[in-house]
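Below: a set of structures, written as structure tokens.
One chain, chain A, appears in both complexes that follow, with chain B as partner in the first and chain C in the second.
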Partner chain A sequence: MSDITLSLASVAKSFGIVRVLEAIDLEIARGERHALIGPNGAGKSTLFNLISGAFAPTSGTITLNGAAIGGLVPHKINRAGLGRSFQITHVFDKLTVRENIMLSVMGRFGKRWSLLRRGPVWTDIARETDAILEGANLTTRAHKRAGDLAYSEQRAVEICMTVGTGADLILLDEPTAGMSREETEHVITFIRRMTEGRTLVMVEHDMDVVFNLADRVSVLVNGRILMTGTPAEIRADARVKEAYLGEGAH
Partner chain B sequence: MDTVVVALLNGVIYGLLLFMISSGLTLIFGMMGILNFAHASFYMLGAYLAFTAVTIFGFWGGILVGTLGVALIGFVCERYLLRHVRSFGHVQELLLTFGLFFAFEELVKLFYGPYAVAYSVPESLRFAAFTIGDASYPFFRVLIGATAIVMFAAIFCLLRFTRIGLVVRAAVLNPDMVRALGYNVSAIFSAMFAVGAGLAGLAGAMGGAYYTTSPNMATELGVIVFVVVVVGGLGSVGGALIASLLIGILVNAVVYLDVTFGQILATIGLVSQKTASDLLAVPLSSTAGVLPFLLMLLVLMFRPQGIAGDDRA
Partner chain C sequence: MKSISYILMAAVAALLIVLPYVGDLASQNLAIKVMIAAIFALGFNLLWGQAGLPSFGHAAYYGIGTFATIYAMEAIDKGGFLPTPLLPLVGAAAGFVFGLIAGWFATIRTGVYFAMITVALAELVSAIAVKWEGVFGGESGLRSIRSDWGPFAFQTTTSVYYLTLVWAVLVMLFLYWLQGSPFGLIVRGIRERELRVKFLGYDARKVKTLVFALSAAVSGLAGGLLAISDESANMVLFQGAGSAFVVLNTVIGGANVFFGPVIGAALTTCFGYFGANLSHFWMFYLGVAFVATVLFAPEGIGGAIVERARQVRAGERALLNLSDIANLSALIVAIVGLIILVEVTGTICSESYRAAVASGQGVWPAVKLMGLSFNPLSPLTWIAGIGGLLLGTWVLLKQGLAKWPSFLRRTELAQPVGTGEAK
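The block that comes next holds the complex of A and B.
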């Protein structure tokens, strides 16, 4: 395995005649925490959807752990090692927290189509599920319906699910959107702990979160990467200030 | 009193037959968002397939062929037709199934003619299950009801207690997330569509033998099945069960109630006996055809999401 987990080379995406992304080049190192920022409509979500397989790129190649994944269907990309969360919370609200997480762990153990739960592998699945619950301080919530949890807890469940599939690249789409300051801080700590040893790419609007969590930041403006650098470099750059921080930072 | 019991039983069994068809429709809608106009066609195809196969495989073989054959047709429709229009949105899917509905009806007319065919319950199964007062109750009706109950129990257990059921329930709630977790949702959809179609096929193979097998059966039942799904709540299997029974019992009950509107109004003193027997001598049973729609209207007015539906739909 190389030191590059995810690599994008000249990736472009058009919807009809509208070019949303043009010539995106990006390399994300193993274990890196990378944030994508940029004004609304810059193409962040589209880029996420290309990486996770919701759309196929118009041109260019996307490589995950050395394998080309551009244009594959989402479940195949997941099996190649990618876990993602969504901008709007995507937990299964009517299932219990434990069932939610078990669904993600079942996939990792290759038990997607089992009728019954017999055999040693189910012991492993149960143990792994409980370990994730324990690690996320969700053990007391295990048998509650996910939809009955507080919003920040639902996001925590969702992050557990992205991790539970065994993915080594985690994509988080605005993980702290709509949270209070206190909840946000809690979630940042949580993300840092849960993604330990994995590679993280996230879209985030909250600059405090970005500068607090990310090792490197890419600024996306009008479908192009304006610059990539450490949080300090991004903060100091005049072009970024003009394009984004000046108007966008709240 | 006896007639009331018979009417109730008939209602329950007709309701259970409705449920066999509508459960597939509501499951498919809940999972895939497809309002399958051709679903009642699967009911019709089940009857015709069974009718055709009966001569070769016998009655039970015919029922099996009807069920599995329609499941296969459903699978092909989903995999090779619906999937191609999915990216264009639900309206296109709806139009496609609308087209399928007519295509199936015309195909059946082409091969079997425009009139009912002589598909019926074999002599060996025509005996009374029990008698109520003077009336004997046919065994095959009871069998239709029992099949529906067994089927409901099977679906319920599959969805509730098995791991694969967990995946299916999750896919109903949120297909995108299930995909993101590495599950092949398209395969789940194809399988579900096939199962839903197969259930309608089973209902057709059994119902067609007892009632009539004609090219109109899809049209006749299709509308009622949609009413069931709307009243029960789109996507809810439990709701479909309640709505099916409600409509079955309601429709059968008024047929057996030998009263007119005039008599009812006269009894509560709103009109004179003369008006009741002249102008308002409309029998209550004539409303049987309207009742399901009246029920749907009331449900849509006061509980738009249906009896057991959630706010999503």
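The block that comes next holds the complex of A and C.
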């Protein structure tokens, strides 16, 4: 298997006559942490939704681990090895935290139609679920309803679910949205730990998070990739400053 | 609290077991109807309460179950080998097959469009049943008879009662177990956030189709028990009233509590049985009860019981206190006021009353109600009715037992959680 996890070749998306994305080419290496940044309306969310299967691309191909995934339905894309989170927290409010995580782990072990909790595989599922809870410091919250948790804990549950499906490509949509500075610090450490050994693509507005977490950054402006590079390169680039960083200057 | 609920369940179970020895034939017949309505409502609630999918056409699967079972009874009578006690499975199988087809169509869409498709499919089945007399028997319907099986005779009401009881218990165990199973977890996930479930790798559409079929199967099983009990089937079963009643039962009982639909089914069935003898307007009262539940206690009676139990367990309040007695009295006052209003108005609007007025040279006879005479021309009658209703309702709202519906409540707007747009 190649060392490219995700590759996009001349991917374009139009809504009616509005061209939101044109000719996006992007290759993300195995184990890389990649951030998508850009001003509002640049097409970050659209690109994110194309990769995760919420929309089908108008043209171009999206390849995950060598298999074309462009236009597949969400559950097939997930089974191909992609897990995503949502900008607005998508946890199961009325289920317990443990049930939330278990739902994501069950599918990985192929238990998608199971009526019984028998057999050794359920021991594995339980063990894996508890390990994720432990790793996220959520063990004491396991039997609380997810809807009753604090906002930052719900975000943590969401990331656990994304990772719990066993996906090797993790897509995070603004993981630190709506968090305080202190919570953000926690989440950065948390994301780094949870996505260890996996490939990460995230959309993020908070530049501190981006420069802290990402190995490489792509800057999206007006539906095109302006440039891709390391955080240092991005920071130094004049075009990026003008197009994006300049307007929100520190 | 836990022990109280066990004691309660044991008491209900004991009552159900000894009922044929202590009750008369009428009470057994009523209990059979209650259990059938309860199974139907539980089946409906598998779809609504568990999966969050509103079907307003469940009468179709209930009716299909009844007709399929009548045909199976006919086959047994002609020498078929199916044991009579297993007949409800024929209804369940028929419901499952039709549910699979209907569910496949309905789950193409979600929300209100899903509900519309279920209504349309039920109307379609109903229209076919009216036209196709060869299969559905036209207005007179179909009849068959229960056959005995081995040492078991099924000619008496008592035998039908026990057969229904056994099936009711089996269905409850099955549904309770399903709810706790891994599959049930996926189903509840779909109710909470379907999109999330899809992105966890589950084929939500297939899961929903299967839940729909299982729900239709349980409804068909209830229909099968009806066929066994009545030894007949009629196309009236397919009409909208059946679909409406199961929704009503579930809402009144509480969709989010496992036994909620059972409570609702028991109450409305008993209410229909006794109320129909007492008043022409019993359906109206049922409608009022439904509207009041939706507005003031959307979690239903079951939800209210569970909430009270939780408060008592948490030590927040006593099992019964003074304000409960005040609330109960207020409720009774409101109901009495409502009854006076409805009965007096309803009676003076009737043909027979107008005929009585005409023959009595314009004298308005008093309306007899609860052993009292109400003169429709006296303001006292109307003051009693309107006053009772308003006073009782006012006390209930003031006491906080009933809550104003949210659109009438003055609340601060909830602050939406920030999505962290670029700074």
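Rule of thumb we're sticking to: the second predicted complex is superposed on the first by the 247 of 250 C-alpha atoms of A that agree within 3 Å, B and C clash if a C-alpha of one lies under 4 Å from a C-alpha of the other, contacts with A are read in each partner's own complex, and residues count from 1 in each chain.
One rule holds for everything that comes next: contacts are C-beta pairs under 8 Å (C-beta built on N, C-alpha and C of every residue); 3 or more make two chains touch, one makes a residue touch a chain.
Predicted, not measured: the structure shown is a model, and the values here were computed from it.
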Under the superposition described at the top, does placing chain B and chain C together on chain A give a clash or a fit? clash
If touched residues of chain A are counted for chain B and for chain C, the larger one: C
So in the superposed three-chain picture, is A:His205 touching just chain B, just chain C, both, or none of them (first/second/both/neither)? second
Chain B versus chain C as contact partner of A:Gln87, first or second or both or neither: second
Taking the superposition on A as described, I'd like to know which of chain B and chain C A:Ser45 touches: first, second, both or neither. neither
Pick one for A:Thr228: touches chain B only (first), chain C only (second), both, or neither. neither
If we overlay the two complexes on their shared chain A, which of chain B and chain C does A:Thr63 touch? Say first, second, both or neither. neither
Which partner does A:Met161 reach: the first (chain B), the second (chain C), both, or neither? both
For chain C, sort through 9-17, 81-89 or 261-269 and name the stretch that clashes with chain B after the overlay. 261-269
Do chain B and chain C land on any of the same chain A residues, and which? 52, 73-75, 78-79, 83-84, 86, 90-95, 99, 102-104, 106-108, 111-117, 161, 165
In the complex formed with chain B, which residues of chain A make contact? 52, 54, 73-75, 78-79, 83-84, 86, 90-95, 99-100, 102-104, 106-108, 111-117, 161-162, 165
For a test of understanding, state which residues of chain A touch chain C in their complex under the given definition. 39-40, 52, 73-75, 78-79, 83-84, 86-95, 99, 102-104, 106-108, 111-117, 151, 161, 165, 174, 176-179, 205-206, 248
Mind pulling up the chain C residues that touch chain A in the complex? 178, 181-183, 185-186, 188-189, 191-193, 195-204, 417-423
For the complex, give me every residue of chain B touching chain A. 162-164, 166-167, 169-170, 173-174, 176-186
